[in-house]
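Both complexes shown next keep chain A, but they swap its partner, so chain B is in the first and chain C is in the second.
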Partner chain A sequence: MNSSISRRDLLRFAGGGVLGLLLSPLPWKVLDDSAIWTQNWPWIPEPSRGPITWSASTCSLCGAGCGVRVRSSNGHPVSLAGQAGHPMSAGTLCATGLLAHHLACHPSRVLQPIRITNGTERTAADMATIVAAIHAAHSASTSASPAIAVIDSRPGRAASRLLMELAHQWPSAAYGVAPQAGRARTDLIRKHFRTAVPEFAADIQHARLIVSFGAPLVDGWGTAATARTLLAETSAHPRPRLIQIEPVRSRTANVAETWIPVTPGTEHVCALAIAQAIIEGRRMKSAVRARAEDAAALAAFLHDLDLPPAVRRCGISDARILEIARSLSDEPASVVVASPAAPEEVQSAVLLLNLVAGTFFREGGLRPLPEIPGAARTTDARTLEDFDDHSLSVIILDESAAGADIPAAVFGQKLKPGSGIVVSLSPFAAPRPVPIQYVIPAAVWGERLTDVAGTSPAGEISVGLAMPVMPARPDTFDTAAFLGAVTGTSQPSTEEILRQRIAAIWSGRRGMVYDPSSPTLRPVHAFGGTDALWSVLQSGGCWIDGPRPAGSMPAFRFLPAGLAEHLTKRVAATKAATAPALALVITSDPLRRDQAFDATLMSKVRDESGLYLPCGSVAIHPTTAEAHNVGVGDDATLSINGTTLPVHIACDSSVPPGLVSAMDGDGPVALAQSKISDRSVGSVASATSAPSVIPVTLWKA
Partner chain B sequence: MKSIRWFVAGFVVMMLFGWVIFPAILYTHEEQPLQFSHKVHSGETVGLPCQDCHRLSADGRFEGVPAIAKCAECHAEAIGSTADERLLVEEYVKKGREIPWLVYARGPQNASFPHASHLIGAGLACERCHGSQGTAESLPAFRRNRISGESQAIWGTSIAGFKMAEWDGMKMDDCARCHRERGVANTCLKCHK
Partner chain C sequence: MVIDLDRCTGCGACVIACAVENNVPPAHEGTTPRTGLTWMRVVRVDDGRSFPDTRSVFVPLMCQQCDHHTPCVSVCPQNAVEYDEETGIVTQVPVRCLGCRYCMTACPYHARYFNWWDPEWPAGMEQTLNPDVSTRMRGVAEKCNFCHGRLQAARAKAAAGSRPLAPDDYQPACVEACPTEAIVFGDLNDPRSTVSAAASSPDTFRLLEHLGTGPKVRYRSRSAAVRESLTRNSVSSEKEQVHG
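What follows is the complex of A and B.
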């Protein structure tokens, strides 16, 4: 008997062993345990064990001022939820707000001053060096124009006053604000009125009819409560009727009562046609006609525009335009809104339509925003664009509150060539195309006390306090501490300046205060004094401006200087435009607008949900793909004005045939945005399928 | 025939390894700092109810393992002459040191388990999750998973994950199953911090 073991025996043994192993719990248990092990890397923060407590605060990630319930374990926040009765947010929180407590551990978080060279290389920096660079610019300044721009990313905060004071103290410095979404629209509105008017906000909460020209109403346009107002149907508050006029079927278009696809670039024609239908149908209200100085001139202007040939390009029937005109004039609580990113002619045409429909100074329409007591007036402050070109030695960018959305090219245009520096006070240093040289670490939400001045869906203003709910990192700064370090002087603490603001609210005796412990709204005068107000706001309450009359319409002009010429030119361009093979529509992803403040977990959930087109992809209708011989997943090149970007082709039947949809954001499209103008001509060239080039006309939605 | 023998041998060896040897080496055996008889304390000898030591505070928070001050209420001086009793009094009670118990039911850090909701809200008995722990004569060795670091009580006694009893295992599946059976929400943030 041969007892030697052959290679074949060993293989048989191994084969049996593998089968035995697979039928034992070993591989599966090791897999499971390893998965748990990988969740417990040493650098992953561990939620503390300890008593579970609840507290209330205000979210400060944007200016909405949503009420937050903070659930803490051993004094460390572990989950956030909305405050059910909060007047600003009515229990809702956005995706980013729900995970605001994760931002303290964000991968882009900075915890010491850093220097950024060549856009991406980071090295530790010395605070003294940064301060010396700012001082050198200050002392070397001799010209009459400011050499230092102090840019406030979120004007209206109590800290904004400190930034203004620095600009006052230093003759070489000037205060400026980051471009605000409604700023351009406010400037356009003011041109229509002879007397000074405040900012306006759409009263979404009381509107019964909303005509939206591409405004992402449920997708980051307002607050989470705005979306709730539009989506939730209750007996006390039935859903308003929403007509969404937009080239692509966006998420807002999906939930709208009516989605009207419109040819990209013709939205202004559509708005003007509706206005004309109201006038010609003799539906303009007598009150509007009485306050208008040029009603007859407007009618003549619209007639002379000869809109019908342009309207045919919109892809909207005359009957549909008449129906919208009728609805707008019949419904007293109606408003027309446009995407903040829409071009100026769309904004102007939409404002004109609002004036014709008489939505100004009306409940459910456009209502004036009152000023916040104790807030520095910043509506007339200049933006970075307003500074002289190549005049600035230093740009101090206070990004401790999210909000700065300054095109990268502007920095290069305003800084002195070769020597200008940008210093940012920010909790994060995410790679982005802005030429920032130094980042000073700022606190994130929940680490330090700060205030939030918000606007509700009803256009009401509020003030809340974002309380510290976790220990602050010792090396981080808030605006007051940062300015103290820069100027070398003692600045009032954040609490001191916030108390001054609360004192101003108390002395004004205006508005109501929401107390989360009751929870009720009580008038300010029902409180005993500043301390009682402070105490309620500290416990997660908020001050909200009380009910106020809508106001009366002052005299106005439909056609201020230059508007008729501008609209005439744009309508003529629409009539003359030759139809492109495809129109490229770049839509913006509201949650990607400020990547640094994006909670990483929610980004992952969103990216994997398939709800959003990923950056670096363009979507087209399957029939369009077939017609142009491109396939799903094809690698392609998007070329716009000489900027070439690698993209993937995705087929999406929600994109109307004839359009190419791309997502704005932190990907290559965002980089391209800084280099392209509104109507650039480009192409999408597929490299994977049979080579094909699709000419496109860019249209920024 | 020979070829099958080698195959079967390999099969049997790895089955044995996977089902018998692997579980033995996967978990540590850690002795508790001192022995404690739940049977003596909760049985006829002393007759304490579970809630006397493992109580819910006034705000609904579960206090878990009692602090040494609670032990000191009865054990300020040694009761009996066992080595564990001496250790308790001399090393912990008199020195005011907390006993570093190894808690079998301690779950992962990323989840929370409010005892108040389960005991009062759902009316569950302690035994539903802790089995006969409350009447055990002695404390078994604490077995920690060498890979995940969690207690064996979380996975359960069966290496294959089979539930040997209702209380056996406190995995997410077990929580989710119970929630499903009782019609309680199963959303992530219901349990996860």
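What follows is the complex of A and C.
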């Protein structure tokens, strides 16, 4: 027997060995272990694990006052959710609110005073230098007009009272507010009444019919509770009818029972035509007619306007207008609302329609808002635009709470040329066109105690407390601390002011208090005193005003001084307008009312999914793109009033043919809008594919 | 799970809640809708009619939790995708994943995502990570698992109480976050559950029903055009256009 091993045997053995090894679990085990090993690199962040705790608070990012349930690990919040049963939000939070606990780590976060030069260069600044600059302006002021404007981004807070007190202490300083969405409307309403009337809010929760002229009822942050009211149908609360009259099919238009596309810039004509249809159909209620001083004059005015030629430009049929008029007259719980950004003629016409339809002082209509006990009255405060031109040495902006943006151009108009400075108390220093020289670091949500005065979808007011749920950064300021540093005096703390407010609520014995531990609504008088109220609010509860009597309609005029002339002029302009090649509509990013409060993880709905159109882009219907030879993603330039801005073109079938929808925000479009005062002519020029120029006419929506 | 498309406003709250709950990192520089990590995404779908009759719906898209012949399970060479017989949830085991992306190719709903980069959070934000969910690294696929961390916590709680897991013991983050209650979650096998009642509505349908994958995520819409379109056609998104 030949026992020698041949070369072939060796090869067979080696081949069999390899095959056997492959069929054994060993290679798979090696792969598995190496996979586990390679997926646990030390630089991959691991969650911090520790005791889990739950607490309740209130979201303070906007004025909606939503209840928040906070889940914390190791004393740091890891997730937020709505408080089920909360009277303001009914368990909802918007996308922005869900990320409130991420703002403390925002890449634009400011943690020490900084100086900004040339718009972008940032260097560390000394607080003493900033205070010295403010004091210099204060002491150098000799003229009668104020040299320091203290601008409150969110009036109605406890901090607002401190800001007002500073203005009282310093003769050279004056208190002002950022433009308030509802304030212009309140001013317009007051012109109709001879007696003083409070602010009004639309009672969306009890309305059975809502006619909306572009109001973003479900778009963006702060609207989660309204969205639930409008869409979450139950047997106790059937879904209200929503008629959305808007040029672009927005998210609200998308979920409305009826969307009526209207030619941009003709919304006021549509509202006036509906009012006229109610009057001519003899559908005006006798109670309204009895309180009106000039019903006959209104009928004559609308007749003289000769609306039909203008109505034809709206793109809405007469039958549709009659149908809306009939629905508004037949439904007692109905209300007409307009976009807060709508121009004055639209606001005026919508108010007139509300008066004609008799929606004021009615459940499901426009209900008067009571004042919050103990709150500083800010409704009559001036805005930055009301100050004299080139009169201010210092503008102090309290941006510790997100509020309305002030157009960049206004700052340059109000500051003293060459010497004026802007100091912002803000948690962030994201690049923006506002000429801010100094940023003082402010606390963000969850770091320090602050208060939220909100309005519910039912038009009820509330007060809630945003409690500290994480350690505050040591060098950040709240308004009280900042003013203490500026004045060199001891200011009352936010807690002291809030306790005074709670004491005022207790002494008034008005309203109900939501207790999240029960969770129930109990009347204020059922509590033992201020301390018991304070304790409930600290635990995430809120005070909400009680049911208000419907109230009776005071005497009013349909046409206060100047309104008839204004509307006549605007209707005539609509009739005379030549049809633009394309109408440009600037809309706001519903999730980015304040860019700085946009958490990093919002990339999920922007860059990573395209759910929201990016700022600095224009959207057109595919047929429009084809007609003008532009393609998706084309680079283009948007020119308005001589300002040329880079934009991207996106095709969007929700934009009707004939329109160009530009997304507003912190991008280049916002820069353009700040320089636009009225209807302007411009163009969108595509440079990517075959060069083409689209002439556009801007209609401010 | 049943999603009422007539109630979805496309607000994105579900997308954000999902990312927070599951420690999905923010976009890396250069991320596009093709390469992003969105276990839950919302896509707008038009009904195909021309202006002004056109209407659109927002469709929340996540793993459809296929029931039969689950494509991703059958193609995974590493057993990194498992089908939980008790709950019917298709789970992903990232530590087993080799990154071959067969599962992404096999998934007809394009509901799987690949970590093209190591996860990064802005400094300090790692403190906000959910302690119940591990982070994943570059090179592995991931997807919606109906908030497995919440399920495990609910199981632990039920076990501590010496009782079986009840269908109402937990809800995924997207269900909890939806402001309009468009998403209903529960036990489809329990005929008394709300989700069962919703699933038996004649308005209810499944995406790409003809493929026979038996998704356990159902959709509903009163619009016949929407039902017809989504039952037969794939939901168009940039990711799908690229992946085919």
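Structure notes:
The working rule: the second predicted complex is superposed on the first by the 644 of 701 C-alpha atoms of A that agree within 3 Å, B and C clash if a C-alpha of one lies under 4 Å from a C-alpha of the other, contacts with A are read in each partner's own complex, and residues count from 1 in each chain.
In this text, contacts are C-beta pairs under 8 Å (C-beta built on N, C-alpha and C of every residue); 3 or more make two chains touch, one makes a residue touch a chain.
This structure is a prediction, so every number in the text was calculated from the model and none was measured.
Of the two partner chains, chain B is the only one that A:29 touches; chain C does not reach it. By the touch criterion stated above, A:8 is placed in contact with chain B alone, chain C being left untouched. Once chain A of one complex is fitted onto chain A of the other, the partner contacts of A:254 are limited to chain C, with no touch recorded for chain B.
With both structures placed on the common chain, the touch criterion links A:52 to chain B and to chain C.
Counting the residues of chain A that each partner touches, chain B and chain C differ, and the larger count belongs to C. Once the two complexes are laid over each other on the shared chain, residue contacts for A:17 go to chain B alone; chain C is not touched.
When the two complexes are overlaid on their common chain A, residue A:225 makes contact with chain C while staying clear of chain B. In the superposed model, A:102 makes contact with chain C only, not with chain B. Taken together, the two complexes place residues 32, 36, 39-40, 46-47, 49, 52, 73, 78-79 of chain A in contact with chain B and also with chain C. The part of chain A that touches chain C in the complex is made up of residues 31-32, 35-36, 38-41, 43-50, 52, 73-74, 76-82, 92-95, 98-99, 101-102, 104-107, 218-220, 223-225, 227-228, 230-232, 249, 251-252, 254-255, 259, 261, 591, 600-605, 607-612, 621, 653-654, 656-657.
Residue ranges of chain C in contact with chain A, taken from their complex: 6-7, 9-13, 15-17, 19-21, 23-24, 26-27, 31-33, 36-38, 41-44, 46, 51-52, 54-58, 78, 94-98, 118-137, 139-140, 173, 176-177, 179-182, 238.
Put simply, chain B touches chain A in their complex at residues 2-3, 6-15, 17-19, 22-23, 26, 59, 61, 108-110, 112, 114, 145, 147-150, 159-161, 189, 192-193.
Residues 8-10, 12-21, 23-27, 29-30, 32-34, 36-37, 39-40, 46-47, 49, 51-52, 73, 78-79 of chain A are the ones that touch chain B when the two sit in their complex.
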